[in-house]
Amino acid sequence: MIYILGGSGGIHIAYKLSRDFNLPIIHLEYKTFPDGEKYLRILDEVSEKRVIVIQSMYRNPDSHLIEYFFLVSTLKELGAKEVIGVIPYFPYARQDTRFNPGEVVSLEIVAKLIEKVGTDKIVTIDMHLHRYHDIQELFKIPAKNLTAMKELARYIKSHYKLSNPVVIGPDEESEQWAKVAADVIECNYDILEKKRISPEEVILSPREVNVKDKDVIIVDDIISTGGTMAEAIKFLKRQGARKVICACTHAILAGDALSKIYRAGAYDLISTDTVPSPVSKVNVSKILYEEFIKYL
Amino acid sequence: MIYILGGSGGIHIAYKLSRDFNLPIIHLEYKTFPDGEKYLRILDEVSEKRVIVIQSMYRNPDSHLIEYFFLVSTLKELGAKEVIGVIPYFPYARQDTRFNPGEVVSLEIVAKLIEKVGTDKIVTIDMHLHRYHDIQELFKIPAKNLTAMKELARYIKSHYKLSNPVVIGPDEESEQWAKVAADVIECNYDILEKKRISPEEVILSPREVNVKDKDVIIVDDIISTGGTMAEAIKFLKRQGARKVICACTHAILAGDALSKIYRAGAYDLISTDTVPSPVSKVNVSKILYEEFIKYL
Amino acid sequence: MIYILGGSGGIHIAYKLSRDFNLPIIHLEYKTFPDGEKYLRILDEVSEKRVIVIQSMYRNPDSHLIEYFFLVSTLKELGAKEVIGVIPYFPYARQDTRFNPGEVVSLEIVAKLIEKVGTDKIVTIDMHLHRYHDIQELFKIPAKNLTAMKELARYIKSHYKLSNPVVIGPDEESEQWAKVAADVIECNYDILEKKRISPEEVILSPREVNVKDKDVIIVDDIISTGGTMAEAIKFLKRQGARKVICACTHAILAGDALSKIYRAGAYDLISTDTVPSPVSKVNVSKILYEEFIKYL
Amino acid sequence: MIYILGGSGGIHIAYKLSRDFNLPIIHLEYKTFPDGEKYLRILDEVSEKRVIVIQSMYRNPDSHLIEYFFLVSTLKELGAKEVIGVIPYFPYARQDTRFNPGEVVSLEIVAKLIEKVGTDKIVTIDMHLHRYHDIQELFKIPAKNLTAMKELARYIKSHYKLSNPVVIGPDEESEQWAKVAADVIECNYDILEKKRISPEEVILSPREVNVKDKDVIIVDDIISTGGTMAEAIKFLKRQGARKVICACTHAILAGDALSKIYRAGAYDLISTDTVPSPVSKVNVSKILYEEFIKYL
């Protein structure tokens, strides 16, 4: 049997997972004191139990991390047999190497701390792996990187009338997701080759795509400031694309990213609920359930 | 013709309203400087136009208010013919009278400032009116308080298998919404009479409700810290209610409100997207469209 | 007689002003609710009184502005005879014109709202006036822009052993302050002519300054991200300056501004307490008292 | 030799320590990305060096903690010989035991993480130790809890004209600090015995103090919401105290704590700069220097 505990960044997923798949919940009380410190209390017995801690780490990644460390440490202290950390949105993934001398390689430090507090296994969703080929290179404990791309593609297929669709990845790294989505939607896919001029500027050139009069689905793992996505939309519209529908797993949507994307000409934008946002349409509980079914 | 402009608190509603009902958008660029000041730029021509400014004012009400004042003032300066302010979640509604000498009656001051910047008409949704019978008593300009209760009830009716349902309002003020929801769901309704012992403590006593073996839908305008709702759920569960489904227009969900509600025994919780949250299931754009159809 | 009321952004100045110069205080209770709304209560009788509301508007300018509107409106409602607004740090001063079509001219809107809520007179300190020659052009009500530069210079003169000092303004706009400071320190002054290459990049060229082997005091009205100041320090150190001491009225110090300034080679940095910071050394209460002495 | 590195919460102390005592600085670049993640870069060579990392953890304790973990881990990675963590304000000190089943004992977890990232020695100032008699019980690495009480008392002695002074601790735990301060000021001390009725309410009864016509100095380690201090002030004023001057090491000053204290009748309030605030008058760099002098 597995038990589900949702931290403040995962409670919306935890309760849905519990109810839809009839998994028992470990309840949590939490509050923040006026001085900024958090208070946490695990309300149910956890001794000898296998507990899944769900904590997505968006917006205030540090606060979510500390809460995660507190929860896992305490579960182990209270006798939990196994603690599986589910971090639907994994923070600090970009900072995976030392670009300049003296830089903090945040991703590695975060990974080590997650292990040190007693996590027995880690599960995440569409973690942005640049320099790692596999999440297992980052962790010594068993680690798994699930994808939400199929669910996103299914949602698009069933909710939009698509005419002559094609899936586009906005850069080379997104080819993996474009392929998965195209499989579900049963259409072709391609990517845009991107040349980064500066941290803010990007120039696009197509590989072999002809999007004229097609409905385009752009897929990516994450939308942060929306710059990459907006450039892709504008480029595709200039190339004659009809509807452009954007899908991503993690809709961080910092600043006016949402506005930027619609201004660029998007017909719509959808995401999962790893980061709750106004465009969260796909709940990831089913994806997580399929991973955990083996424990039941 | 009407034009839609979404502020940072209303853009998710603005773009949906624009697309679903084919209304033209006035685009907005916005960012925050490192010193905390905001930058705003209206990107399209507004001269001689009738513009609907959508700005829901949750979480950082002061920042959303100032942005609203900036936008309406500037629209008027730039020659807009008429500015209709749509404030789906209207802040400071509780502070509508001077309970103790010297207290700031925030609601009145906010209302006056909204008028002073040049708003020609104001529209809100399920604004919590305690001491006012009608929103028009608060404003000199035409003002309208729409309700999302029908849409919430329709969502519940079509998404949950209800057996022997009854709608419950958690207090006397919610009777108005219980009635509307019961009409849609085609069942009885009742309210819980609540005695407030202290700002934090509440004791409940039923009017004539018998919820034993019934599926209960609790409806309210707003869930803030979740205290009232959690108490109602616990009470109803003790009385023998089966599934308890909670619905509210505005899911503020401060602190661990979401956790509190599920811990209390709720089967599910849904809200509109006036306040984007992980439980936002009902988009209010249709409700707004019905109000604005007369201008088209 | 005048009465002093400090808002949440001015209380540190209000109590010092009250105690040092024996002026009566109007006490204020304030708190923030979990939903982000503020609660304010004026605890003393204000009817027929002349009240000075001190509210510096740093870091969360919107929240401080709304609080100011609430306080002034309420003071007038409660019968205050005259309300003088003291805004030691005045926000949105940079946004004083429409650089591009459709931009919000925040400064003008803020000024108008300050008047509309009933402010009878406005007083600020070293407000950054770019395109206005006089603060009175911005306000219809009597308005005064005080300076803290003399007090800053006096502090430097008495706290540092200066050898062969010269005062430098980092750009043309700061000449006014360099002059005042040089008068107090009894030395020469000059400015750096700055060419802005991009919003982030600045190139400096001296007018006629020779700083070799001199102790340099750089004076400016405001340090925000610290970029301008850091460039000036580096330039002056390269030119052979000995100690470089920086002084500003408003130490916003966004991001790692403090670090930037010391990294650039500053010996020290001081500011007033219009924006409380770790480098606030000069209290502005005396400057304000001298303005208000006429009312006593 | 020792090198000083100030994190974002300690930079104001680091640069003062460096300059006043001629200690070399390790410079740090830091910024926050729009998605809330932090970027850190250590700008100087640290290999084979003994480095003191100064990071006070106020207001956003979690963000300061994560930054501390990042810095210490990276210093060790880059070959630093020894890392001494200086945490002037140590967070989560209240949560030092499990009051109710399932509660997170945050203090212990924080202490363990500080050790796990590679800290070789830890130094703090007036850490609130309730259930520990000595900070060394909390840490396996060498740990030291310095006090700022002497410096605070010296400041008061030299800046206020005291007539017939007495030092008062507001509760039993503050007796240690009252004694130290009374020694410096050369006067008697006593404490108030406090009965906590509820988390918010406190009743006071004196031990053997007679404060009538005396100037009272109240000393405590920390002022958070200001409730305890305000009650002590009111009580002492009712007992006939003349001036009441409050001193604390850590001025957290959450909400309207500052206002509360002055409203209660305080003549003045001072603190150190472990938490930068408008009342920070005593810099702790000298206290730290005396601890580190042995390494020089």
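Think of it as A, B, C and D in the order they're written, each chain with its own count starting at 1.
Keep in mind that, in the parts below, a residue touches a chain if its C-beta (ideal position, glycine included) is under 8 Å from a C-beta of that chain, and two chains touch if they have at least 3 such contacts.
Since this is a predicted model, take the numbers as computed values, not measurements.
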{"item": "If a chain touches chain B and chain D alike, it appears here", "value": "A, C"}
{"item": "Chain whose Cα centroid lies at the greatest distance from that of chain B", "value": "D"}
{"item": "Chain B and chain C, separation of their C-alpha mean positions in angstrom", "value": "39"}
{"item": "Centroid spacing, where centroids are CA-atom means, of chain C and chain D in whole angstrom", "value": "29"}
{"item": "Rounded Å distance, chain A centre to chain C centre (Cα mean)", "value": "43"}
{"item": "Residues of chain B touching at least two other chains", "value": "43, 255"}
{"item": "Complete list of chain pairs which touch one another", "value": "A-B, A-D, B-C, C-D"}
{"item": "Residue ranges of chain D touching chain A (in the complex, touch as defined)", "value": "34-44, 58-63, 65-67, 69-71, 73-74, 77-78, 91-92, 94-95, 100, 102-106, 109, 112-113, 116-117, 224-225, 252, 254-255"}
{"item": "Interface residues, chain C side, partner chain D - complex", "value": "6, 8, 11-12, 15, 19, 25, 27-32, 43, 255-256, 258-259, 262-263, 267-268, 273, 276-280"}
